[in-house]
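Same chain, two partners: chain A is paired with chain B first, then with chain C.
Take a look at the complex of A and B:
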């Protein structure tokens, strides 16, 4: 498997209190990679490092097969980046912004830009400084898609947008990916949104990558188990025990949250004299919350 | 690419450049008219020179203003978004800086050319007494160099972050306060004056701003 983005052992200190530590990220080529994490977990800093906007302390970064920051300009020529906060010049009109942006990209597709402008109902004469949040989001997406990029890096692209605009924007991204074999790296804390569109997921917290796996594995591998007669000491489990807590008053027993669950693992409970009452599927958001909870309180 | 950068520079500073261009054109013409050079019979050469010299102080100020305008507007919009847009464009940083600098230079040429045209017009209007001469080309060249120095300096300063500007101002402040305390303590050595002198005398960068900015001179 080739990787569109490879970060190996990256360190970066931001200010006095926050740092990215030993970060290793592998984004498979052609995937839609969801980068999850709570606010302040280091998602934007990671993105800025991978695009060469920030200089790493240690480690190595390769994007589209080229080293960052040494080859950042070439990588940026093939990368469409939507930053967390709009970065366009607010004195421009939409038409001027399209012309300005297009002048820097050899692969600029003026026809696609115009199609998207019409589809997004953006007035070419509208001033950027007077656009609504939704219109600004659509304009940013228009600009990166018209670049015809091989890699899309989207940092909270739908944050603060209403559901209609959010759908428009994500549909445009999916349409683009279906036409070209592009890789999408999309960061968000809107878990349900990523669940629908991503095939890979990475979870970030406190400057570290907590987990990275195919979305299907993530969704199917994290379960909530209701266990009766659980042993007080647990060891050599065939799954990863993320959390263990008392069950509710009615059912008694304990609730375990586990990762890497497969049905044959039920036999484990017989071996330790316990009874498995129920296996509950967790959706991505529940899995995400449990994962972070475990990460923050080791041994819970 | 350069055209688009130039358009942004024009958008952000075009009005100022037009005003500066009009002022640059008018300044030599006003010098000649107000000094009465069109009819010099009632004025002797010395009085004429004195009148022209009075106006000459406006030229370096205008050059400084043009440099300030173009140097600061080159980066102000990028500062607002922490240079994210500029840094994510697919070109090396030095290339982007050169494009911005080049676009500033192109706009800088407008007031310079206007001053040159105004100086030539003023020189053609003037009846200069014997012993004096007009220097429209030299004045325009001096103005061009002064504006270039001001623009380059302010372009470089404003390219930095607020933190860099803070460091520079802190160093200047420490030197000034240090000198003040040193003088209060009875110290005889003046550290600032020689530095200032070095800056405004050749080969100091600000030598161009001092001296004679005379359209008419001996």
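Take a look at the complex of A and C:
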């Protein structure tokens, strides 16, 4: 499998209290990769590092097969980047902003820009300074899609947008990738949004990548188990035991949160004299919350 | 036809999409020769990854439900009346398995469920 983005052992210190530590990220080419993490976990810093906008300490970074930061200019020419805060000139009209942005890219597709402008119902004469948040979000997406990029890097592209605009913007991204091979790296804390569209997921917490796997593996692998008569000491579990807690008191027993679950592992419980009462499926949001919770309280 | 797609379900999205089409074919809702929506259109409508739609269509093709014709789209094949019946049977079985699994969680036996089912259908007086 080739990777559109490869970060190996990257370190970066930001101020006195926050650092990216030994960060390794692999984004498969052609995937839609959801980058999850709470606010302040280092998502934006990671994005800035991978695009050469911040200088890494140790480690190596390759994007679209080229080293960062050495070849950052060439990589950025093929990358559509929507930053957390848009960088647009307030005094421009929408039409002017489109022309101005297009002048920087050899791969600029003026026809797609016009199609999207009409579809997003953006008035070419409208002033940037007077746009609503939703219109600004749509304009940013228009600008990067018209670049005909091989890689889209979207940093919270739908943050603060209403549901209708969110839908328009994401549909435009999906429409783009269904027409050509491109990799999408999208960071968000809106987990449900990613659950629909992503086929890979990476989870950041406190400057570390705590999980990276195909979406389906993530979703099907993390379970909550209701267990009765469990021995106080367990070892050699075929799954990763993330947490072990008392049950709700009504049904007694314990609740285990596990990772890497597969159905045949049910047999493990008979072997240790316990009973597995129920396997509860978690959706992406619950799985994400459980994963972070258990990572933050080691040994819980 | 795709209203029940649920991204939060543990069943993979591609499988849910394929399943909706299997049901539609078995029920005669989709007929041989009918076109399926293009990958681009369906991905846009369901707001899912286009690769997920492709995966669903490939699975259906491997099972003989549809044919993907290069450049012109994906079309429903004639699976024959026997296979259609078998599909309907499988779908009913899956439904029952789901109900029984839910019943077990509630501590209900198969007999309890069967009795309730008969009552609902009206073959047994309450």
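We adopt the following convention: the second predicted complex is superposed on the first by the 300 of 300 C-alpha atoms of A that agree within 3 Å, B and C clash if a C-alpha of one lies under 4 Å from a C-alpha of the other, contacts with A are read in each partner's own complex, and residues count from 1 in each chain.
FYI, contacts are C-beta pairs under 8 Å (C-beta built on N, C-alpha and C of every residue); 3 or more make two chains touch, one makes a residue touch a chain.
Keep in mind that this is a model prediction, so the values were computed, not measured.
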First (chain B), second (chain C), both or neither touched by A:91: first
Touching partner for A:73 - first (chain B), second (chain C), both, neither: first
Which of chain B and chain C A:177 touches, first, second, both or neither: second
Partner chain(s) touched by A:202 [first = chain B, second = chain C, both, neither]: neither
Partner chain in contact with A:167 - chain B first, chain C second, else both or neither: second
Partner chain in contact with A:219 - chain B first, chain C second, else both or neither: second
Contacts of A:284 with chain B and chain C, given as first, second, both or neither: second
Touching partner for A:83 - first (chain B), second (chain C), both, neither: first
Of chain C, residues touching chain A in the complex: 7-10, 12-13, 39-40, 43-44, 46-52, 105
Residues of chain A touching chain B in the complex: 51-53, 73-74, 76-77, 81, 83, 85-89, 91-92, 96, 99-100, 103-105
Residue ranges of chain B in contact with chain A within the complex: 1, 3-4, 7-8, 11-12, 77, 81, 84-85, 87-92, 95
Footprint of chain C on chain A - complex, ascending: 30, 32, 167, 170-171, 174-175, 177-179, 192, 195-199, 216, 219-220, 278, 281, 283-285
